[in-house]
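Have a look at the structure that comes next, please.
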């Protein structure tokens, strides 16, 4: 299975896939979700700058890759395993928005999602979530559940041994997993050319006996279509797919990063005019799906929703030291309970 | 760079590459080396059965892959990084045979090779030697040394994260490394189909931006040729190559293994008549390079050399407890020295 | 009661738990057709099929890491690391993921995972196969660390481990696999975590050990008895959770202690035993507690291991010193 | 003397060592153009070029593993792990390869490798970034473990580490990176391994710490002094090699000890400190030695870290208890 090349990323100079994969109203919803993702990133940065939240990584520039893929899953049936930029996908698949903010505000239990939510918590060791996704998909199939697992990772994370071990295992076990590799050109300050000499990361699929394809990651329809194909394949028992979504990080790595230290301005040039939101808006306009004023309404509603969730998260209770001991073990044992009471008393 | 397919492994039913890569006398030497490798394995098994040596893994069936590749290096200029079946390559590149036996007899310092020997010790964690090989090649080039590093590993080890990380790094740094993947069909009892769903492991090269090729691993000339090409490429600064030598483990995994527990007899059938030594002999015969009686002479001489080395190794001194403390640190410090004297006294 | 060795006890327990609960699946290198390099899973694939007894690709990280996902899917994975030394390849998954997923998810995701791994010396393996590295897992909050010394405990603790809602690193002493046979209760048998086993009672010195070192401790206690020194021997059984009260009491009764383990001395679990005892029973101590351990050097090649692994003679010497001190 | 913070001291030392010895090369994630996420390598790439200051692919195993090969080729690699918590991904290479290659090769292959890694809490990082995991490296014979607490020691110990023939894990306290400025000797300055630093002398209780905990110990000692309890404070500086004589003497002088560290309690290096002291100075002990550590739980999210990381208040409470006991 050779990897397909995207025809429409800046380096190959194309102009976008035209096959429609989303019905008209879904397309509007995808646009709304992209606006939501953008606003969430922007709000996160503001709150962090105001000292109201911890470090956060934004999705600016990657909204099409995230939204196009997340919408190819069925909610309540399929699973999402995030890296850390895919907050919109987590929310779309059932994580309460307030918990997203609680997480970045450092509140305990923020990653305990409502029962039945098919989303794993953010975990921070790059690529370590990939074998989890494979085990999860394998386990679902073992139990006759036809859910599919969509796991996100970056081109940096793809260099980790875990990525290799996971994709190879997925091949052997024909696990129903979609590996969504967002190649945004950077791992913090490390550019793609120092990350790998490969011309295509999707090409790795062949070495694992799974399907692989490159897609224009800034075209929400193209991403949706590729993911939908991969989900169908996985659902049908045909195994995993590696999708390399070629995209670009339009902002800093995260709130702690200062890209002017390492990015030459030229690096951004080929990506000018590739903003996935602009591209989606154009498409909607061309197809007559976005009436005058609708975008403003969407933006206002999204802004309010996000502001309300952030405010609610800030109101959530302060955490006492007993929080340290919660859910470390189902059954903590005498020693930990003694440490708990000593620590709580020692702090009084 | 797409991987070339071998035309002549049993699964594709070919009959062997015919391009000569070794001059006539080198071909005889290759044959001798293969006999040596075979004898060394057989002797190892006997000594282990007699309780005179520890566990050892034989090279039976893989002599062409080992000898063909090791002879494509220049002695004293290039480096060998073994997995554990490549004892013949270690000896060819300067490790005294007696030290090989000392290693398996559990003698201390058996892996301290004479100064200038460009061979790394056997290390047991699968695939962990691969990043060493990359660092070594990179470091040589950094210092203007044009040596090439040949590193061996199995198709089982290839599933480890270290293999991925190493090959990707080799691509980025254009390290002068030849990754010699001996695909012998088994990792202890685990057959290839449970190891990976990939049809070609050489295909992984593309995902790292290095050259990749499959070769008939039981054809010493084909292996030599492929390796020589890869060495030339590396020497010229064109970077690394992954060679997948398709071969077959003709014996048990090691002296502790009982393959009748897991191998169906049919598994061996396609490999009957593929013994690399038989194939080399045929070729030598066809080219009139092996006179009557020469093989017997070679076998006798090899047998004597190996027996003498084994005997010498057995005569090497018994190890006292101070051996535990040797070369743990260049500068052990007070605590370790105290432990040393306590342990030695405690044992008196 | 049936007499069996530890490998047999482990195998039978795995079979019984797989029979009882179809969510239990076994995965690891060579655990299927071969039945494991030590035969601890012998016959399981034949009986439960290759969907429940799974030969894995050679990647320890993927074994531990996929176990996390299998557990989330609702299964109970029992993963084998072929040797504890190679669990280092999966260390990031074990300490960062297996051990923390419950905590990370605020209790939303339980991790009923068992990771079985043989370890320990005196069996003439190549490097890395015999390393005793239990302490590093004790420093990974969220996982329990269990180390049976007898076949009966192997059964009781493994049964508990499979049923436990928390991840368990279950350490099997290579040297005890076949050597030692003892009586194992038939039918259901669980041993609770966090309760040490008093192997014998004695008046003068308390010897503390776990896993293969328990036998060494017993042998040393025999030798000491012949010299008129009466030893208690306790087997900790589980390092996490630690029976700190039981431990402190056992040492307090004699006021003297010798801790024995195969791992190197520095920052080995013996240090924790000593620190815990002096925190809880300082005033009853009559002499410095001694450690008999490997030196701070890598596990050596074959000819040296007799010097490296604590022997009954070395333990006896420490018992003597400790009995006489003060 | 120049006043500088720890990041500056580290950066200057790296530059000086690279200047002195062209075999020294720096590698790690984002160490080049960016100068490291904490700027510890800032300016080095510009000065020494991208062949000597190398941005590596995102694979910790390959960073540690290639360092082994670089060392064999004749170079002196100084590798950065972006955070100690992510060195777990390279753990098999660090403990199984970096630490053992000299031993494995019978001294034929030296491993003059430095692995730098920031760690420690109170800086509100996401999970895994702040974990204190020094003890697990102490249990990996063959590597030295160094943990400076001041900018001057950061310089002196790093200089020593780069020149040392043995591999060194060099731990940098995140909290101390910028916070703390102190006088750093100009020019050549090395601090030998295995010699603790007496931060202050006192009569009643000896407080033992390393890395960021030293400042906490000092603050607690100030509070104790105000209550009339006089504390010694010692900074171990290097855990391997451990200055066991210096440590035993420092505790023997007061007969009372409190050990402070950020890692979880069980099997943390504090246990080793206590075990070592009671082995060497048992008869001078007047009270049980206390540990002030994190609990046996994962490093928590932001809002909880003030409860998790030992504070001067908690250390003071332990000092009081220890001073009063007996």
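Quick notes on this one:
Each chain gets a letter, A, B, C and D, in the order it is written, and its residues are counted from 1.
What we mean here is this: a residue touches a chain if its C-beta (ideal position, glycine included) is under 8 Å from a C-beta of that chain, and two chains touch if they have at least 3 such contacts.
Note that this is a predicted model, so its numbers are computed, not measured.
Set side by side, the interfaces A-D and B-D show unequal numbers of C-beta pairs in contact, with more at B-D. Averaging C-alpha coordinates per chain and comparing to chain D, the farthest chain turns out to be B. The geometric centre of chain C is 30 Å away from that of chain D, both derived from CA atoms. One finds 35 Å separating the Cα centroids of chain B and chain C. The distance from the centre of chain B to the centre of chain D, each centre being the mean of the chain's C-alpha atoms, comes to 40 Å. Looking at chain B, residues 108, 110, 123, 125, 159-162, 164-165, 168, 172, 194-196, 328, 335-336 sit in touch with two or more other chains. Touching two or more other chains at once are residues 56-57, 59, 61-62, 85, 88-89, 92, 96, 103-104, 127-128, 141-142, 240, 242, 266, 296-298 of chain D. Those residues of chain A that touch chain C in the complex are listed here as 108-113, 120-121, 123, 125, 128, 130-140, 142-143, 145, 149, 161-162, 164-166, 168-169, 172, 326-336, 338.
Contact residues on chain B toward chain A in their complex (touch as defined above): 159-165, 168, 171-172, 174, 193-201, 203-204, 206-210, 239. Across the interface of their complex, chain B is touched by residues 29-30, 32-35, 37, 55-62, 85-86, 88-89, 124-129, 265-266, 295-298, 300-304, 307-308, 313-314, 317 of chain C. Those residues of chain C whose C-beta lies close enough to touch chain A in the complex are 25, 51, 56-57, 59, 61-62, 64-75, 77, 92-93, 96-97, 101-110, 141-142, 144, 164-166, 193-194, 240-245.
Of all the residues in chain A, the ones that touch chain D in their complex are 54-55, 103, 105-108, 110, 123-126, 156-162, 187-190, 194-196, 256, 261-262, 318-321, 323-325, 328, 335-336, 339-340, 343, 346-347.
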